[in-house]
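Look at the two complexes coming up: subunit A is in both, with subunit B in one and subunit C in the other.
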Partner chain A sequence: MGRYILRRALLGALTLLIVMFVLHLLTTFAIQLNGNPALAFFGDRVPTDAQVAAVEARYGLDDPCYDQTGNPCLGPFVERLGSYAQGDFGTDLRGREVTDIVATAAPNTLKLFAVVTVTWFVLGMGLGSVAARWRGRPTDHGIRMSSVLIDAFPIFVLLLVYRYVFAVPLSGWATSTFGADSMAALWFRPSFDDDHPWATLLVPGILLGLAGSAAFIRLVRASQLEAYTGEHVRTARSRGLPERHVVVHHVVRNSSVPVVTAVGLTFTEALAGAVITEGMMNIYGMGGVLWEAVRASDVALVVGVVTILAAVTVVVMLVVDVAYAALDPRIRYA
Partner chain B sequence: MTTSVPVDVRDRESEDTGDTGPRDVGETLLEVDDLAVEFRGDDGVVRAVDGLGYRVVAGRTLALVGESGCGKSVSSLAVMGLLPPAARVTRGSARFRGTDLLALPPARHREHCGRHVAMVFQDALAALNPVHTVGYQLTEALRARTGASRRDARRRAVELLDLVKVPHAAQRVHEYPHQFSGGMRQRVMIASALALDPDVLIADEPTTALDVTVQAQVMQLLAEIQAERNMGLVLITHDLGVVAGVADDVTVMYAGRAVEQAPVRELYEAPAHPYTRALLRSVPRLAGGGTDADGRLPVVPGRPPAPGRVPSGCAFHPRCDLARDVCRTDVPPLAEAAPGRSSACHFSAEVLGGARG
Partner chain C sequence: MRTTRWAATAAAVTLALAGCSSGGGDDDGGTDGGTDGGGGGTVHLGLEQDVDTLLPMDSNVGDNISVLDVVYDGLVRYDPETTEPYNYVAESVESDDNKVWTITIKPDLTFQNGEPVDANAFARAWNYAAYGPNAMANNYFFERIEGYDAMQGEVDDDGNVVTEPTAEELSGLAVKDDLTLEVTLTAPFAGFSTMLGYTGFFPIAQACLDDIETCATQPIGNGPFQVDEWQQGISLTASRWDEYTLDETPAYDTIEWTEYAGEENWPDFQAGILDVAFPPPAEQAAAAADPSLQERYLESPGAALTYLAFPLYKEGPWQDIEVRKALSMAIDRQGIIDALMPGQRVPADSWVVPDGVPGGEPGTCEWCSFDPDAAKAALDAAGGWPDGETLTIHLGQDETEEALFKAVGDSIQETLGIAYELDPTPDYFARRGARDFDGAFRANWFPDYPLNENYLAPVYASGDEKNGNTNFGYYGEEFEAAVAAGDQSASLDEAIGHYQDAEAALAQDFPTAPLFFSVNSYYFSERLSNVVLDPFSGEPKLRLLEVSDDM
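This part shows the complex of A and B:
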């Protein structure tokens, strides 16, 4: 088990390095083709050459390779890796430390993901298990129909409808019924509140989770159906175990392996959804920061945030791999 | 090596069912009567078992013999209440000590499984759960049904592995099925069926997936355990060589029906049904006595009928060397051919006489 985790961790580190290198190449080519991002620092004003040179030096853009189209700029890349290794992720164009920005934005995104993941599990495992248990019955058809219906509404449609159709009347009703400071009033606030992160993240998180749950429900249903037909389930029944025990220990338990794998894959999709959700619900999170950084051509911030998101994804994948091995003993010895 | 039967399991359980007691030699434990099972499929209803009956007696081994698809496995799954959703029992009963299991509600029927009637499946790799340790699977029923503690369960798991002669039982209970060899896995399968000390054990082709030397060991083990515990054993097989070695009674099945029932010795000496006779002729013998004039091994000509396309009259008539007009129209009833044995053939006396003469 220890060697397996080590192997996976090394593979994860390698993946992260490759992601960083590709990211570096892309930003380098963007600079070489689109021109000097240091100019973005000055906005509408026209800087003198000395001013531009000073800014270039400050953001590590003074290397001549940025003027040679096609040059992969390995020197600045190694330099950046070195400063990352020392915990220095640089500053954005306004001089704020990237690590500070991430430290304020990341917790909100992580809270959003926590709500999303719980929603997936509750909806996916719950509805998927019910559909598999009563396959072919009206309940099953109803759940499958709903999952297709959910798929038909992308996250931004859900959020728009919620924000402009439901949020205002609901929050008005909650404020007048329970008072302006009540939990219910916070739940339905149409925008994020820094003082009550969990309460104001709940509904956007559930909506984002709902949007991702459709595929999840179908996956849980399919993998449980497969488990139901397994011979080991018949053996468990032949031991006279009650059906509930058989379902929990031989159907749900065995179908958990593909489901956990899917959590990892869906997580990366949720990263994309988080950018939209955070934008629409005014949540100060990683998605919002990234969005602003790209618009402002803030290279250091984009590179820093994407690197951190990539690191989070690699860690999630590692956790999934380890969970996979813990759930299926055949993996460890393979 | 411990081979003791832990009596405490039985005592703790006997309260709620009441019909569990010591097994007397010769006591009838399970009586299947006129069992019929149908499958609903895309091309209509198919009858897989049609009027099968047999008796399982404590301390004796009954072999259910027949070609693939003749309904031997389906009939035992019906007794266990484990038929797939497309199949259902349309007729008949399976009485365990007087209680008709097939008439019970599913949850009550399930309570009899494992404790009164247990089953060993053919492919132990598929039949054991890959994600649970062997120890867990051996005592899962014990813990879930009798509330045995984790420590008692562990001790019992080691005891069970010892019983089926798996070496290093104390370590191996922590391992997973894929870490066992085929023969050892089948022993685990047998041990898990014995966990609640069942009265009747149904073994569905327990050695088919194993290689020949291991087959003999596993059969030997089953026979020993059966004799030691005075258990009733139903051995489902297509291998007549296996039957000769361990069975006491034989029921030969063809196309969902029993065509001959007899004590094993008498059946081998003088079959009373042409199908049994053909099967026995096709068993290879070392002495070469079983070969025909060309020195080839005789085979039963043709193939067994596909379920749903069973011929009229006697289902065996297209392959039978004795077939006459009556065989094409009338289904022969399973009738007494000689004392203690029966055969479903219009000419069983002739077959019997021919074999003796």
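This part shows the complex of A and C:
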């Protein structure tokens, strides 16, 4: 087990390095092809060469390789790796520490993800188990139908409809019924409030979780159906164990392995959803920061944030792999 | 890109009064206390999330300018009706020859940390901004002051620094005594006193200069409000500074800005979290149909000009003024606005915004109204459009602007039968600077200070008879002479007259075709009164706003 984790960790580090290098290449080429972001600093004015040079130096883009299309700019990359190794993630174009940005943004995204994950589990395990338990009945059909419907609504449609159609009247109603400072008024606030992160993240998180839950529902249903027909379940029943015990210990637990895998995989997908959710609900989070950084060709910020995200993903994958063992002792690490 | 940020700002800056009613503002027991300060109340504004500094020398977009407008006081301020400058921190700003200016500062003014606001406070800010390697956004404002060039390094063609700056201070700045600052310009400029109200000319404290990084997020101002807390990307709170001694101070206690990633703050306005906003396109019709909202709607002409520029540095049809006139008269400006963005642009028939800045007047452009017959006649007079050539219109990548310019192209094609193509390019500025455009191109201008000169000289003057200015290759002898005459005028009024002559000369040379002026529009809540939009920036005047406590 220890060796397994070590090997996976080394593999993860290699993945990180590759991710960083590819990102570095992409952003470098973006600058070489799209023009230096330093030029945008001057808007409609025509800057002198000295002014451009000064801003390039301030942006950390004064290495001549950024003006040579096709040059991979290895020098700045190695320099960046060096400072990352010392825990220095640099600053964005305007001098704000990347770590400071991440420290402000990451907690909001993590809170959002917490709500999303809980929603997945509650909806996926709940509805999936019910559908599997009463397979072929109207309940099952209803749940499967709903999961198709959920799939048909992308997250931005859900949020758009929520914000523009439901949030305003709901928050008006909650404010007049329970008062402006009540929890209910915060729940339906049309945008994020940093003083009340959990309350204002609840509805967007549930919506984002809902949008991603369809796959979970079907996955749980399928894997539980398989478990119901399994020999160990038949044996358990034949031993006269109560049905409840059979379902909880032999069906649900055994069907959890693919679900945990899916959580790991969908975690990265949720980040894409987070960009949209954060943008629309005005949540200062990792998705929104990344979005803006890419738009502004902010190399240091893009590479810094994605490196941190990639590190998190690698760790999540590792945790998922380890979780297998806890859930299914048959899995051995060779 | 400064101008699009300005334009976006116009839609994004929102102003609102907190729910004083609904429980004295937020329930975090914080700073809101709407009851203790006589006037009381909290104003809530929206900001775009890309506000990244509050350093006056480095602030050049609408959002940080609007914050700094209440945190700092400038030497002059601008009349909310006419945008004409009047002395504020300055006792007087005088010059006999428009070249050497003597600025006298009012006595006994201090920064929020107790340091005096004196001649040195201005000199240290201006020197820092003018020093090239500091790469301040407002660096170029100091070009007119003597000694600026020595503070810029020199670079070779590849952008490598070959000579370091030889000076760290402007030789044209002399602190005569505590309250007197003498400024020597490189050449006479009658509009210098007008520039002094701009954010880039605000003073800074010595403590700010000692720790610029901290000062960029926690400014030490000399204005009526001080910044309490700025959580970058999330929110910014400023509250009344009790020791403020000058007159122009708002009648409320606190301002809370919420930062928005985009312009999606309309539902917040509807929910009463923000009290001033402008709806996104899909919601505009609904808002316009709501009679109660219409009572709380403000609209005023904006100062940003969008125009069609011609590559005068290229041979071909562009050299013929008749072709340029024909293209301009073939564009149905009003029709395009009505079809695509009713109420959000006005057709431009001048190069300087009428009424928005001193010296602006409507109708200076003779060939800016839609006239298909005259357009065809002008094209015929020029011998027609080159056979088989397609008219390329270059522009940056922006959905709204692409739609507008597609309509411009369609209008030209329909009227004159000239086939066109749009070329939205991601490196618009680099290509324009390198004269890489071989067709007409979109351009935009937002003035830096309210004076008609600013629409003219920085855009069209170059003094380079052979090559013309960088962007268009334009050179006009009469134009340059009129600008120079304005710069040397004895009074600002006289100067404005000369600059108007320059605009008239430009109108005859017709190097560019004005298309649209921006429009500033806002909805505001019932709790707000005395909402006045600045004709120059288009933003609500924070110092004039009034907030009612009830509701």
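Basically, the second predicted complex is superposed on the first by the 315 of 334 C-alpha atoms of A that agree within 3 Å, B and C clash if a C-alpha of one lies under 4 Å from a C-alpha of the other, contacts with A are read in each partner's own complex, and residues count from 1 in each chain.
Just so we're on the same page, a residue touches a chain if its C-beta (ideal position, glycine included) is under 8 Å from a C-beta of that chain, and two chains touch if they have at least 3 such contacts.
What you see is a predicted model, and the numbers here were worked out from it, not measured in a lab.
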Task: Could you look at A:Leu327 and tell me whether it touches subunit B, subunit C, both or neither (first, second, both, neither)?
output: first
Message: Is A:Asn254 touching anything from subunit B or subunit C once the two structures are fitted on A? First, second, both or neither.
response: first
Message: Quick one: is A:Asp194 in contact with subunit B, with subunit C, with both, or with neither? Answer first, second, both or neither.
response: second
Message: With both complexes overlaid on chain A, does A:Glu243 touch subunit B (first), subunit C (second), both or neither?
response: first
- request: Once the structures are superposed on A, label A:Ala300 by its partner contacts, choosing first (subunit B), second (subunit C), both or neither.
  value: neither
Message: Taking the superposition on A as described, I'd like to know which of subunit B and subunit C A:Pro64 touches: first, second, both or neither.
response: second
Message: Residues of subunit A touched by subunit B versus by subunit C: which partner has the larger set?
response: C
Message: Quick check on the superposed pair: does A:Val312 touch subunit B, subunit C, both, or neither? Answer first, second, both or neither.
response: neither
Message: Going by the contact rule set out at the top, does A:Val220 touch subunit B (first), subunit C (second), both, or neither?
response: neither
- prompt: Shared contact residues on subunit A for subunit B and subunit C?
  reply: none
- request: Flag every residue of subunit A that touches subunit C in the complex, lowest number first.
  value: 33-36, 39-58, 62, 64, 67, 92-96, 100-101, 104-105, 163-164, 167-168, 171-172, 175, 179-181, 189-191, 194-195, 278-280, 282, 284, 288-289, 291-292, 296
Message: Per the contact definition, I'd like the list of subunit B residues that touch subunit A in the complex.
response: 80-82, 107, 110-115, 118-119, 121, 123, 126-133, 140-141, 144-145, 176, 178-179, 189, 192-193, 195-196
- line: In the complex, subunit A touches subunit B at residues 230-232, 234-243, 245, 249-250, 253-254, 257, 327-330, 333
- line: Per the touch rule, the subunit C residues reaching subunit A in their complex are 1-3, 5, 19, 22-23, 26-28, 49-50, 52-53, 132-135, 137, 139-140, 152-155, 157-161, 213, 216, 231-235, 258-262, 264-265, 267-268, 270-273, 283, 426-427, 429-431, 433, 443-446, 458-459, 469-471
